[in-house]
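In what follows, structures are represented as structure tokens.
Here come two complexes built around chain A, the first alongside chain B, the second alongside chain C.
And now, the complex of A and B:
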């Protein structure tokens, strides 16, 4: 990791000096031990602030999207970041030639408080970046992941009333801070339905019904495009099991329309973007 | 105790969170049917012309195409007090806009499973293809749905309180 950090700083220095990049997005150390925060560096003087260690938990894929100028942006990408970038490219959110991707094969990140590997990293299916301009470090062998759908299967095996009670309990704890929406790499709408109270898409009342409306609809908007980066679950201040929603949709997509891995490339249309004449027929 | 006092007590009890007991005989389901203008709505019209009898518990909402049904409409219907939701459109291949219902099919396949995951009974949310000439199928669908939902009773899931 220390080696990767040195290589990263070295490359960042060169790329910023020769003008290839206008700025680079990476991580810097936070105020507390093990804490990191995303960092944008514009000058060579800041290069030593860049770090790469086992606590770089933030997904960087969404940061370049806010810049609608023609500036050239460097992004440090691991597997999840790279898939997020692919998704943004597919959605036409940014042009490929504006990006310079420094790929890092990721060993998995740790929780600063417990020192254990993060849940989202334990369930990771793509540790190597799927798109990059240059690679820092050697590609890793993808380790086997335990059944990602075990929790979904467990909930599905409950009765309808038990399922409702389970989710009512989850959503009753939601405070609608919208952190999951803000951090999600698939959420790129300029105007989100959750901000449109006047139009009636999302009320402002503090109630279970509004929480359910928010939680259920937000996930269905991301839907099959979910990268399984697990950021929603990581940022949730109430610790809600949000990946259980995402994985349900992903599991159904696999069953109904075949295997689809979001962000694996920047051209495959997502399942709800297109159709087949001989799709599963259940509504005759 | 006067009648007024009794009513007041009942209201106060209700505000205290007690569930309102609805008499089973008096209760009729409220079903919202999203119908596409070109097929199902015409089919419903034909059912009317042929004097077919079907329960009046279904409310038709006419849309240009079943592809217009935003999944959130369905959730909102349950939240605002519907006991069942029907989404009806042209048979695949017959869409007035060529491809609308193919997208509906994929979207609703997912959304139906998704809502069931949150505890909605499958009978409460149904999708059917009904063409303009299938008046009989429209009637049968409405009759069957009403029967199934009457058996299930009022829907309390996702309901906004106090409505």
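And now, the complex of A and C:
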């Protein structure tokens, strides 16, 4: 990783110096040991602030999207970041020629406090970047992951009442801080439904019903576009098992329309954003 | 503050018997925004409508709720009524307290509670209605008729005679369809060719009809008044501008193929006209059987053609045309009985034939010049068994429906058989004899007088024995098993939709029933319309029919087209989608889900945070949008909304019910 960090700094220096990039998005060290934070560097002088180590937990894919100018943006991408970029490209949120992607095959990130590999990385199905302009380091063999849907299967096997109690318990703890939305690479709406006060989709009351409305609607909005990057769960201050909901949608979509991997490329239409004559219509 | 008037309809006793209308009217007085409530026995009647108009004037109403039947029934009536008043026709909501309430409830208390809820929701919704206005959209006054059987020809002629141009598309080399294959037509026994071919000629020569044979519809875009249709004009390998139809090529062609038109009783050449009276009266080359194409030799037709009309290099052409209306007349096929009825020999017995083959046998212009002979040995049969309902009225093996024309053509065939062959015997196995139609039952009685023996029952088995066939069945009237020896067996098989009907249905968005027949918009009141505006049905594409019914339906479809074309322009539907640009993030998900191709992404320049940026924003084509609302539910940002059914209106309704 130290090598990757050196190569990254070297390439960043060259790319910023020769004007290929207006700025580059990566990570820098945080205030505490093992802590990192996303970093945007615009000048060569800042290159040495760039780091790459086993604590670079943040997904970078969403950072370039706010910039609607014509600036050329460098982004360090691992599997999850790269799929997030593809999703943004597919959704028309940025143009590919404005991006320069420095791909890094990822060995998984660790929790700074426990030193253990993060849950989201243990469940990762795409360690190698699926799109990049240059690759720093060698591609990795994708290691087998445990059944991603094991938890979904377990919950599905419960009775309706048990399931309701389970989710009522989960969402009774939600504080609607909306961190999961802010971090989510699928959430690129200009104005989120929860903020459209005039329309009244989301009430302001602190209650289980409003929490559930928020959680369930967000689940459907991310839907099959979920990259399974696990950021929502990582940032949730209440530690809610949000990926269980996302994976339920993914599992259903797989069962109804066949396997679909969000962000694997920037062109494959998702099963829910167009219609086909042989689509399942069991509800009709 | 809105000034809503609520009008509660009794619909005679339709509503009043199950809903306490007084209670509904009383409750409506307390709905927010409601300033006036009235009841009427029939809101839709002239006095009912007058009462609304009067109330608008006297009480200054600006919104109307009518609690009555389904909006499908009378929403349009009440909108029209409002055009004469100060209230915009779209400031109206219908609470359906009949179909969704009184008709489905028995308990008056429950029915009344529900009616109050429905009326309250309508009042809540109308509170957020905004005036909407229609606009004019242009109309292409050219019709497309798909399928040139008797229904298609009749529809094309009627439209053309009214002065509008028609394109008549037929997949076969000649127009005429099934009717031109037939010998005589029941019940008057006039020769089919004598009444069909003049119509074919008229269609072929009509200045307003453009004939496209060997052609199929490939792609359709657009909407009523403005369809753009791509037609694949398949290669005929013959230049019709040069060809004189002399027929020399046909005589010299060495490749012989089974004739489809003669149902396999004769052979035709690879360059051929399906029958002498074909329209257009010019041949085509069947490339799959022509030696020039299969073996790259021969080409004798090209050498012999005096006008150099043969062009082996010809390619399929794609023609794009604009149409205002479409008549679908794709016709029928016969069920593949061989696969279903192993007990009838499964097609292996040469003298067990279907009724259409019998038509060719008995036809004066057919391969035997009307002499009925056995296909196997050419001998005249002395006895004939006709079996009705083969594949129809047989849900276990074939279709559950009655094929409608068989009882009559079966009687005709029996009559013809007995008339043409002296001393012959004819047995008809039937389930029921159905002869509703002018002169139909008289015809059937005449066949009985001719000496046809009708046996009520199905044939269970046919097997060959000593040069004839033994038909074993039960006579259900006497309860006895009967065995009938026959030289010839004719199966009256079920009509099924043409295979192409599925594709046509898909292209035009016309649904099909479980058997594949194209669905009309309403089985009784809109029998030739479909649920796609501007697309009409004629003939057996919609279901089994005989010739008189097909022709009647074709003329009905034509009158709908003519009625449409008599308008100067079309009125647009104002209840369509619209985009809130501020919220649109330009993801384009709406583009993919729109079934009408009405949404495109457009790049626009905007100032955001004092910076000029280029953004993609959804753009709705108001002519193409049908207001289905698919985009509004696909839009994560709720940047898309539907006029007349805005999110706000619907949430308002939900709140009215739930809070």
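Couple of notes before you dig in:
As a working rule, the second predicted complex is superposed on the first by the 282 of 284 C-alpha atoms of A that agree within 3 Å, B and C clash if a C-alpha of one lies under 4 Å from a C-alpha of the other, contacts with A are read in each partner's own complex, and residues count from 1 in each chain.
The definition used in the following text is that a contact is a pair of C-beta atoms (placed from the backbone, for glycine too) under 8 Å apart; a residue touches a chain by one contact, two chains touch by 3 or more.
Source: prediction; values computed, not measured.
Shared-chain residue A:165: touches chain B; no touch with chain C.
Of the two partner chains, chain C is the only one that A:191 touches; chain B does not reach it. When the two structures are aligned on the shared chain, A:81 is found in touch with neither chain B nor chain C. More chain A residues lie in contact with B than with the other chain of the pair chain B and chain C. Of the two partner chains placed around the shared chain by superposition, chain B is the only one that A:271 touches, whereas chain C remains out of contact.
Touch criterion met: A:201 reaches chain B and chain C at once.
Of the two partner chains placed by the overlay, only chain B lies in contact with A:249; chain C stays clear of it. Applying the stated contact rule after C-alpha superposition, one finds that A:279 touches chain B and leaves chain C untouched. Using the contact criterion defined above for the overlaid structures, shared-chain residue A:233 touches neither chain B nor chain C, since it reaches no partner. In the superposition on chain A, A:156 makes contact with chain B only, not with chain C. Shared interface residues of chain A (contacting chain B in one complex, chain C in the other): 193, 201, 275, 277.
The touching residues of chain A, when paired with chain C in their complex, are 68-69, 91-93, 188-193, 196, 199-201, 221, 269, 273-275, 277.
Residues of chain B touching chain A in their complex: 71-72, 75-76, 79, 92-93, 99, 102-103, 105-121, 126-129, 157-161.
Remark: chain C residues 506, 582-589, 592-593, 595, 601, 608, 611, 613-616, 634, 636-639, 647-648, 651 touch chain A in the complex. The touching residues of chain A, counted against chain B in their complex, run 155-156, 160-168, 193, 201, 207-209, 212-213, 216-217, 220, 223-224, 248-249, 252-253, 256-257, 271-272, 275, 277, 279-284.
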